[in-house]
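Paired with subunit B in one complex and with subunit C in the other, subunit A is shared by the two complexes that follow.
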Partner chain A sequence: MAQQQQHVLLSPAELAYLHSSLSLTPPIRPDGRSATQFRPLSAETGILPGTNGSARVCFADGTEAIVGVKAEIERTKRRWDDDGVYRENAQQHQEQEGEGKEGEGQEGSGDWVELTVEIPGLRDDDSGTAFLGRMLGEALLADGGFVGRLRVNRRFHWKVFLDILLISPPLSYPLPLLSLTTHLALLATRLPKLKSEGDEDPFFDDDWAAARYLYARDPVTKKVVERPPVTLLVMAVGGNIIFDPSKEELAVADVALAVSIGDDATATKTKEDEMEVDSSSGRNLKLLSIRTVDPPSRLTPPGVANAANSAYGHAQVVNTAATQKMPEARQTESEAVEGVWKPPRGGAKASVMGALVQKVLVKGGVADEVLDALEGVDTS
Partner chain B sequence: MPLDTSTYGLALLRVDGRRWNELRRIHAQIRTQAAADGSSYLEMGHTKVMCVVTGPSEPGPRRGAAGGAAGGGGGAGGQSKDAEVVVNIVIAGFSSVDRKRRGRGDKRTLEMQSTLANTLAATLHTHLFPHSQINISLHVLSQDGSLLAALINAATLACVDAGIPMTDYVTACTAGSTSTYAANDEGADPLLDLNHQEEQELPGLTVATLGDSDRVVALVCESRVQISRLEGMLAVGVDGCKQVREILDQVIKAQGQKMILEGTVDKGTGLNDMDLD
Partner chain C sequence: MADRRRINGPPGSTMPPVFEDDAGQPEIKNGKGRDRAPNVIRKMFLKTGVTPSASGSAYLEFAGSSNSGVSGLKLSCTVHGPRSLPRSSPFSPHIVLSAHVKYAPFATKQRRGYLRDPSERDLGTHLETALRGAIIADRWPKSGVDIIISIIEGDQDRETSKSQGDETWDMMNALSGCITVASAALADAGIDCVDTVAGGVAALVEDAGEGSTPRIVVDPIPSDHEKVLGACCIAYLPTRDEVTNLWFKGDLPASDAGLYTQLVENGIQASRNANRVLVECLGEATS
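Right after this comes the complex of A and B.
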């Protein structure tokens, strides 16, 4: 997050002001959004005919990302067993678990997916970029069914390459943008239809119109039945929980959390069969992964209260040798003064973390809204 | 797949059905990105690039070798009287037919970066912005030959959009020859605007010129070619640059008209004769 910090040019007084206005009920955000409101965005899919699936998303603040998905056929690695019989490592893995309940076609391995993130101006081995990539990949793999979709037969599988490009300079923490773009690109991804049967060398239909979607759709309505995960950025300031924070808001965050959620399609289906509920009334959201994001607020310079400010005149002189050597020590010891910025120290409280996750997963909440909005994007 | 150059002699048509002096479809847009100072999107056939310009701005703190070596800096350093042009090219993994990942340190990318940085540093009025930096970030979304030419054209458009003063348009184009070096065919015709297939097989060069003039600002030739063929290739290339300039000029004028009609900018005094309807 070092590169994040560089871009935030706010004085301690400004940070204190922002912090207190975000702590009000309801919070007052710099761009006038409500606490749960996302930045408006425009999205399109299928922009690159050379890829299996692609998407472009522009947020209203001008940040823009493009994701391209390419798939290659790859031979599944086999591994020798202890008893001299060699098997696919994936299948063996399943047997070790002792439960074969998933059945064939569900197993796979995480290295079938390769994900790269490119952010202009940053090296691709930059810690922030690597962390973003891991977070996005983690959510995808945590959704257990994903690699299963890539299986062709016992000997071959698809290897999927996800290239995530941030086009604009990184004006805000790009996690939600990249996640939504990846989501749309995966929804639009199509793989050629398999013509061969069983464990033969795979042979595909060269008619692109016959290609099947990676994420299955309803054959009649063409509506997406299953969907990839989305990762949302949530932060807490004071007692407030704020969604999709901008860079300035993140600079005063007490806690920032990246929460990945999936749409539990199987649960929705069984429920629909029972009660015939309208699917838009709320989804069965599934928590896939949580990561704490180190907010840049921890690295901001603290403000100095008038009482302690020698430049202000009436401060007592506290220039002992110890405090001169370690100005940090004095600042951390000083108590919070109203209106004076003090960077958050220490970890987040468990209750706050619980509340954050709860707020994301609540039915008919922000996650539902986001998924509904993404459903509105034409991905055919 | 080897390119069958023998058929060219029969119908005088190339693999994609063009004649020797025809450009591919060029489609360009400027101001594609709200957050940047300048931005553009350019398609030359199936080669698609996006460009985002940030600056002129205060140069950020140098982080090790990331800024200098990989950035392909042109012009001068941050402390001098001229602005530094830093070019950063990202070639997306999905841009070619077979996915091939190129790291930041890729030699070809680095060379294109420095060619581009030097070309632009010579054309942009960098002396007007002392102690500053112009960041040009290019994204290659799809490639089908003439990549350097497309990058130069996109960067020109984005610099115009960013309002950075420059001498004139820098437009680039590729030119090739109808038979391979090995064929040693003296009577080979020159070709304009090579696609990927032609670029693989035939000798070719990329030429960039300044505006309407014949002044060459960049010339890159990475293949072996008989010296007798070079003149013809260069002449065709320079002619192609002029055609490209016309197209880019149209794009910028159209955007300017649109902005005046929308009221984004005031109609200037010199624009009274412009046809706005």
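Right after this comes the complex of A and C.
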């Protein structure tokens, strides 16, 4: 955290200016974006031939990330209670029933996914990195369908290793970048086609062209039907809600949230079956996880108002008995003065956080926009 | 050479057998269910000043449940500081807060190592976020404070072998306990805070049995319920009516915004209840 503080090289006066311009309606952002606009990015997939799936995303501000997905076959750990005879029968029965609709009702476990984040300049055991990694993994696992996809049969499963590398120095909080890159890499991930049947030892087709995608596609249009989750960074300043904040903007945030959303494809499907509506009517988003990101604004240095600044000859104003007793309280307890930066204290109202989450989830909002944009990336 | 004089254990790791009480009952999870009303948190024991050598300390214990395998959560927290930063560290206009959360090796069913693993570091970051909002940090420039929490016993159901995904939900309970106990220890150390912050957990759970609908309960014990659909942990400042940390995990449809709001409200309620215990404990300590 101390490192984060060093990176934001803004004086209290600059912070106050930034805060007030971001609090305007509409907010004026330093890079001229609108409140809901993302940084322009370029993306490509399938760049690493040695992986099952990979992606590279480069933001306009120069931050760049690479994600490689590798998969290995692993023997599924059997639990003792799986061996009961009745259980075996019941399971087989279930499986035969559910054979038509694959990927449903299949259980998996969270340790089938291993996710590591590497950020240059930070130690491996840095808690900020651990936080990022857990956040990205949490979103993946909260979407219960993901581990189900990794099942091969009752005895074997795929173990997926997600290696997330930030190549550039962390010029901004790297969460949105890493999340988008992971999303694309997972979309491009292919696993060899299974040739064996049932519970025998798995045997795979060695033709890479026949490999199937981890996330299923429409066989005709080749469009992605299901998609992995994305995590968006949102922050509130004054009364404004700002998406994808840069480092400087984050330095004046009142509250910052990382919200993970998923696309509920099954709900869309059933709806279509029922009502025969056109498929472009919008997505059924679902909320997967929310985390509060500790805004670096709490670590910024406070400004000193002229009234409290002895350099301006106003020292006698504050030279009362109370301040003489507690000299350190002089600066901190002064009430907010217009144009003087004061780091936020306390938390945020629950209603403000609710508004942030609502803004992410609203139909046809930013989340839809981001998912639409990601659909435009060629992942075949 | 193999030792043939003794009866040796199996060469690899094995899972311990679990015997069912009733052969006719296929459920492994004991279906006793929750023994509290949905809006009541477990009983808590909180005491400050337990570690004489630290400048502030506290011990927190949650009662177990009626399920015999659940022994409750036991946490001990020490606060060292405020003390001056080492000469080599850069200037800081605020107090530098560092939170360490560590499970004791024997705290959970699966043994934890001595080094902190990513999930413990993650808990530490959450705790730091929750506390940083509460501490009035600019009263101590150029100083640091270390908050060290050891989870002596995590509340996990030891009787079931099937703990599918319960660990992730246990972490939320652990975090809420960590926030409450750290807040008490900070107050014991005499570090100024805007308010006492306390943690609370609310979860959307599904009970065993036919035709049960998901409901919201506070302070859930995952093994009491058939399935936990979503949960949120909240750190809340009651007098300012502000949330310093929100952690939500689950799978909620976006169309149902009310569910999310209800979860957060229940989390706040749980945190208010914990705060009452906290304030009473601090009152006792000062009187």
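Everything that follows uses one rule, which is that the second predicted complex is superposed on the first by the 329 of 380 C-alpha atoms of A that agree within 3 Å, B and C clash if a C-alpha of one lies under 4 Å from a C-alpha of the other, contacts with A are read in each partner's own complex, and residues count from 1 in each chain.
Criterion: contacts are C-beta pairs under 8 Å (C-beta built on N, C-alpha and C of every residue); 3 or more make two chains touch, one makes a residue touch a chain.
Owing to the predicted nature of the structure, the values given are computational and were not obtained by experimental measurement.
Asks: Looking at the superposed three-chain arrangement on subunit A, would you call subunit B and subunit C a clash or a fit?
Replies: In the superposition, subunit B and subunit C stay clear of each other.
Asks: Check the residue A:Glu72 against both partner chains and state whether it touches subunit B (first), subunit C (second), both, or neither.
Replies: A:Glu72 contacts subunit B only, not subunit C.
Asks: More residues of subunit A in touch with subunit C or with subunit B?
Replies: Higher number of touched subunit A residues: C.
Asks: What is the contact status of A:Thr189 with respect to subunit B (first) and subunit C (second): first, second, both, or neither?
Replies: Once the two structures are laid over each other on A, A:Thr189 reaches no partner at all.
Asks: Thinking of the overlay built on chain A, is A:Thr63 touched by subunit B (first), by subunit C (second), by both, or by neither?
Replies: In the superposition, A:Thr63 contacts subunit B only.
Asks: Quick check on the superposed pair: does A:Thr181 touch subunit B, subunit C, both, or neither? Answer first, second, both or neither.
Replies: Neither partner.
Asks: Looking at the superposed set of three chains, what is the minimum CA distance between subunit B and subunit C in Å?
Replies: Superposition on chain A places subunit B and subunit C at a least C-alpha distance of 7 Å.
Asks: Take the contacts of subunit A with subunit B and those with subunit C, and give the residues found in both.
Replies: Common interface on subunit A, subunit B vs subunit C: 6.
Asks: Which of the residues in subunit A come into contact with subunit B in the complex?
Replies: Going through subunit A, the ones touching subunit B are 6, 48, 50-51, 54, 58, 61-64, 66, 68-70, 72, 116, 118, 120-124, 161, 163, 165, 167-169, 171.
Asks: Which of the residues in subunit C come into contact with subunit A in the complex?
Replies: Listed in rising order, the residues are 15-18, 26, 28, 89-90, 92-94, 96-98, 116, 118-119, 121-122, 124-126, 128-129, 132-134, 136-139, 161-162, 164-165, 168, 194-195, 232, 235-237, 240-255, 257, 260-261, 264-265, 268.
Asks: Which of the residues in subunit A end up touching subunit C in this complex?
Replies: Touch residues, subunit A against subunit C: 1-2, 5-6, 77-81, 84, 86-87, 90, 107, 109-110, 125, 127-128, 130-131, 133-134, 138, 141-144, 257, 261-262, 264, 267, 284-294, 298-299, 301-302, 328-329, 331-332, 343, 345-350, 353-354, 357-358, 361, 363.
Asks: Within their complex, state which residues of subunit B touch subunit A.
Replies: The touching residues are 33-36, 46, 48, 50, 52, 54, 60-61, 66, 70, 88, 90, 92-99, 101, 103-104, 135, 137, 139, 141-142.
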